[in-house]
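Below are two complexes that have subunit A in common, paired first with subunit B and then with subunit C.
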Partner chain A sequence: MKSVFADRQFNFLVATNVLVVALAVVFAGDTFLSLYNFQSMSAQVPELALLALGVMLAMIAGNGGIDLSGIALANLAGVGSYLLMRDWVSVDEVPLAFSWLFALIALLIGLAGGMLNGALIAFAGLTPIIATLGTQLFFTGLAVAFTNGSAITLGYIEPLDNFGNTPVLGLPMCFTLFVAIAVLIGVVLRYTPFGFKLYLMGSNAKAARYAGIPQRRILLLTYTVCGVLASVAGIIIAARTSSVKWDYGSSYVLIAILIVVMAGVRPDGGYGRTVCVVLSATALQMLSSLFNFLDISNFFRDCAWGLLLIVFLATSRVDLRAFISPRR
Partner chain B sequence: MANAAATVAGMRDVPAAIRIMRWFIRHPPAVTFLLVVILCIVVGTINPGFWQVSNLFDMARSTVVRGLFALGVLVVLASGGLDVSFTAIAALVMYVITMLVTNYAPDLSIWPILGIAAASGAILGICNGLLVHALQAPSLIVTIGTQYAIRGFLLTFIGTALFMNIPESMDAFGKLALLRYEGANGAVATLPAYFLVLVVAASVTWYILNRTLIGRALYAVGGNAGIASRLGYNLRTVHVFVFAYAGLLAGIAGIMHVSSNRLANPFDLAGSELDVIAAVILGGARITGGSGTVLGTLLGVLLITLVNNVLILVGIPSTLQLAIIGLFILAAGAMFSIRPKS
Partner chain C sequence: MSVYKKIATCTVALGALCAAQIAVAQDAPPVVTVVKVTGENWFTRMEEGVVAYGKDNTGVSTSQIGPAKADAAQQLRLIEDLVAKNVSAIAVVPMDPSALEGVFKRAMNRGIKIVTHEADSLKNTQVDIEAFDNKVFGARFNEKLAECMGKSGKWTSFVGSLGSLTHVQWADGGAENAKKYPEMELVSEKNESFNDANKAYEKAREILRKYPDIKGFQGGSAIDVIGIGRAVEEAGLVGKVCVVGLGLPKDTAKYLESGAVQSISFWDPKDAGYVMNKVAQLVIEGKEITDGMDLGVPGYNKVSVKQGPGEGIIVVGEAWVDVDKSNYSQYPF
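Now for the complex of A and B:
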């Protein structure tokens, strides 16, 4: 790493963030810059960004890796955990214990779901697309079956609600947690043997095999981490919306992939930076909030996300280096 | 010779059960067929109402749209790609055409409508194909993008309202009966004529896949794109063709959907992509490309339709439907992933 500005993708994303803020100030005025708006945006980023981090990990692993089951697992974690807990622990008597146990069981569900994905891909030999497509339906189906297809309101559970909505030192707690997780993933990918092996596996699976890298174990671990990330997203969703339902965030599969592609992660594996995914998620969130300010319909937003995805796939094909830096 | 004899003898030593299992693993459509038969027998025993002609006709009716989609997905899958934008294409085509025909040419007969739908579907499909080829990205990701772009375009710029008064010709086409059956209690069950559209589409797809050069080319590209291109197959032609064909079938499926439901709802069809892909995978097409048959796909469609229809007949809550289809995909995927590479 020669300098902080050596990474084109990073510069591009920083520029995009600045551009979106500038556009927002022009079109939406000063209200966009208010502390309240930034707090509400930073409370919305984590759930999407966590799912995107999962997709990033799956893509880095190569072999056509992708995780389509993220939001389904997040919803299942919320639904399953609440339904299990409801009969065991009283919300009214011990709200704090309830919140912690809720989070714990949701994490366990995420762990199990992620391991299921990992086992299907690493040991049963399914391609990631079909495995996560199947588990996406399966997880959604379980959530539908548990709830009979209706949303469940959690009511006001103070500790959980605080976690999702109340700022501490100016930042919502769920955002702080998300930053911590992102830093952890970034460090693990960059400085640990696991990260090194993961990148090698994605860039050249054959070389990785001959180098004696335990591919199956790493795949299993990667998808398990994806599952855990999804369940954290599920906890945040439950905390923020005070409800759990099976069809929350139906376009999140697209948006998570869009964030990852915009961050320059290569769909064939071997390359992807955590910080870029985070920046790309914030840019998209600010753009989405800007659409809100301008009263643009949700349908148009979907249309814009779809077009953006294609545009970013296209730009990653065109090498802009020749135009950007005349040196070399 | 002695060696060969030994292997033959060795083969004979393998227990019959394992040999049968191996045969089934090599012939995925047979497994699907077996599942269909077992399901029919079990459900028929639990609830004899299953075998009523009206129920069978109902199922035949509901295979048409899914079957048309599935044939498109089969062709894309055989060439090594994956398409999830077909439902959006179908929704856009059906809504726009129904609206235009009702407003500007209410007397248009069904054939030109079908032709226009097929052509506009194919044009959207060509866009997909060109994008997939030009961007060199996984076609799943590209078509997720086009799916949202198309659906968002439809709902933002064209309309979100239900369209109840569909053109006369489409309404008549939906009601046209191929077979009529009068039950013992006087209830009349009809097999709609548009079922024939699926039959024709299946025959054409079979012909393309098995009897034409482009069919050979797309299996070759699905098997190994690198080798196929060195052998002189034009990858761009194949990509554009498969997505155009999938779009064409999607356009026709959209019109079928309107004709059979007698209304055009722009929110319809969304979310049924996974069902369709599941049907094709269950029919034995490998997601990595290079395989898949029309017969297998139709059996897969039949199986998914059965699962969707019979759960209620045997008293399984319909809320479990999604989970069961998900399990089916996983089971089929796992089984075909251990298929020996022949």
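Now for the complex of A and C:
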């Protein structure tokens, strides 16, 4: 039963992707279908989609799970890592080492931030929405304090810039990395004991507790992974913009949630597929780019997002009723 | 079943959206102006200039877009899509110049012309247009303030934030100019208002308490004068304290009327939008912009050209507009 429902969601998202491309062919013509545009779009997807994956994990964990601090942590990871590094390692002399070290420290900051979220939720028992709202302000505040609120330019760091923008074998490297991460998460969720326990805990916390699932440890782990995902997004942002700033992507929090809801992840927990989140993100990205190609006002786009969300939620509501009723 | 239903609904909805927006086929090279955010008075006024240029010149087709939220990430995405779309030229008022270096470089590699405004630190641009020299602009504020204060007394300056380069330059330009008047004393300079009229108000109240004999305020961010004006009004000091600074006529009208704010200065975004597109067309046509050139808009009749931090040039006009109680209503923004 579950797998039928899952496939449906998957089918729907695949169809949406195809539909957007078809619309693009009709309305925007050849330039939309050019290789350059697809590379450009696939370089735009990862930062948002990684945040969405984090939100998905938090939602699956149940207990009203959500991660609002993603983009704030992503920016803090970029800002913090660069500030820690710049006096130690010279960009001009060892650009490659600088880039790797930059990524490493950013990941560590993400790890720490994620663990903070996890600890607040798992051990202090805070509601995720409150805890992550608090850490969101905290991370943002730190990043502002470190930079006095202005952007810090990294300058042209070749390896980092290549990572963010240059296609290898036709795909931007950051997109390849994103796909690899998504596959990894998908596999972990589906085939490992951790994934099994996470779904179980999300669908029925009480039963999971009686079954002896270590809830705290799993919550901590889940939010730590969210933090690491956010920091990867932060590295990609730094690579793509050659700068770090505290308020970059301030509109991402809601878009990430939109992606996750569109992907059919259950906000109460216990259900969500990685591949659906990826497809949802690509559909939204292509639609967004299509709107830009057609010179559609960005307010209109917000309106379209809302419309999509409502259409989707409404139809899934109907879906759910059919699901409950003795149709089978 | 419901999958089909969903798809059908989405198809209809999206199809309608796209069809409703289909643009008329345009043959002239498209020049797209990208602003920080859509829907703000400032950029709505700029759009008038952008549209006007397109009407006056059939050589290019002009349009203006911008994110619905002031977010550097959204602006970057818009520009990336324009680069993919391969428009002829992009004119940008950057939200955060450093975030756009990469995309501008890629755009220029594809042969797209880049023109910017208010971004003289940008390396990857062909022409950056500044309405005026920021130090001179700051000095002008101070000159007005000095006149109003009778060239003596305590005064202070506000900035949106210490990170806003232009605001700091105005404050410094003002302080530099005030050295001409030994009787004028600058106290606790560069107060940060964080572009928030309420913060400016509270900061101004603090200063009025700390220096009861203060006689002048120079605002930095466009809302500073509003907050300061309110504080001055509430303290009953209208006419005793002078307030000048950057401001927008419509927003500041109330305080100009009451006399809490003496005069405000700004540059007309409409003219800036017009000039950006004019320059974009010149660049597309491969024409050079030279020192002393007339760009055909008041304030840009005799621009000065200097080398920017990168390959590109910086074009500086003298396009400030000063208004006070008597003439602010001529500017509908």
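The definition used in the following text is that the second predicted complex is superposed on the first by the 310 of 328 C-alpha atoms of A that agree within 3 Å, B and C clash if a C-alpha of one lies under 4 Å from a C-alpha of the other, contacts with A are read in each partner's own complex, and residues count from 1 in each chain.
One rule holds for everything that comes next: contacts are C-beta pairs under 8 Å (C-beta built on N, C-alpha and C of every residue); 3 or more make two chains touch, one makes a residue touch a chain.
Every value quoted in this text rests on a predicted model; they were computed, and no experiment measured them.
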Which superposed partner A:Gly149 touches (first subunit B, second subunit C, both, neither): both
Touching partner for A:Leu307 - first (subunit B), second (subunit C), both, neither: both
Touching partner for A:Gln44 - first (subunit B), second (subunit C), both, neither: second
Partner chain in contact with A:Arg240 - subunit B first, subunit C second, else both or neither: second
First (subunit B), second (subunit C), both or neither touched by A:Ile130: first
Touching partner for A:Arg8 - first (subunit B), second (subunit C), both, neither: second
Contacts of A:Asn17 with subunit B and subunit C, given as first, second, both or neither: neither
Of subunit B and subunit C, the chain that contacts the larger number of subunit A residues: C
First (subunit B), second (subunit C), both or neither touched by A:Ser297: both
Contacts of A:Asn162 with subunit B and subunit C, given as first, second, both or neither: neither
Intersection of the subunit A residues that touch subunit B with those that touch subunit C: 148-149, 251, 297, 299-302, 304, 307
Touch list for subunit A against partner subunit C, complex: 8, 11-12, 15-16, 19-20, 23, 26-27, 31-32, 34, 36-37, 40-41, 43-44, 47, 147-153, 156, 161, 164-165, 237, 240-243, 245, 247-252, 287-290, 292-302, 304, 307-308, 311-312, 315-316, 318-319, 322
For the subunit A and subunit B complex, residues of the former touching the latter: 64, 66, 120, 124-127, 129-131, 133-142, 144-145, 148-149, 251, 253-254, 257-258, 261, 267-268, 297, 299-307, 309-310, 313-314, 317
Residue ranges of subunit C touching subunit A (in the complex, touch as defined): 1-3, 5-7, 9-11, 13-15, 17-19, 21-23, 38-39, 63, 65-69, 71-74, 76-78, 80-86, 96-102, 106, 110, 161-164, 194
For the subunit B and subunit A complex, residues of the former touching the latter: 82, 131, 134-138, 140-142, 144-153, 155-156, 160, 274, 277-278, 281, 287-288, 317, 319-327, 329-330, 333-334, 337-338
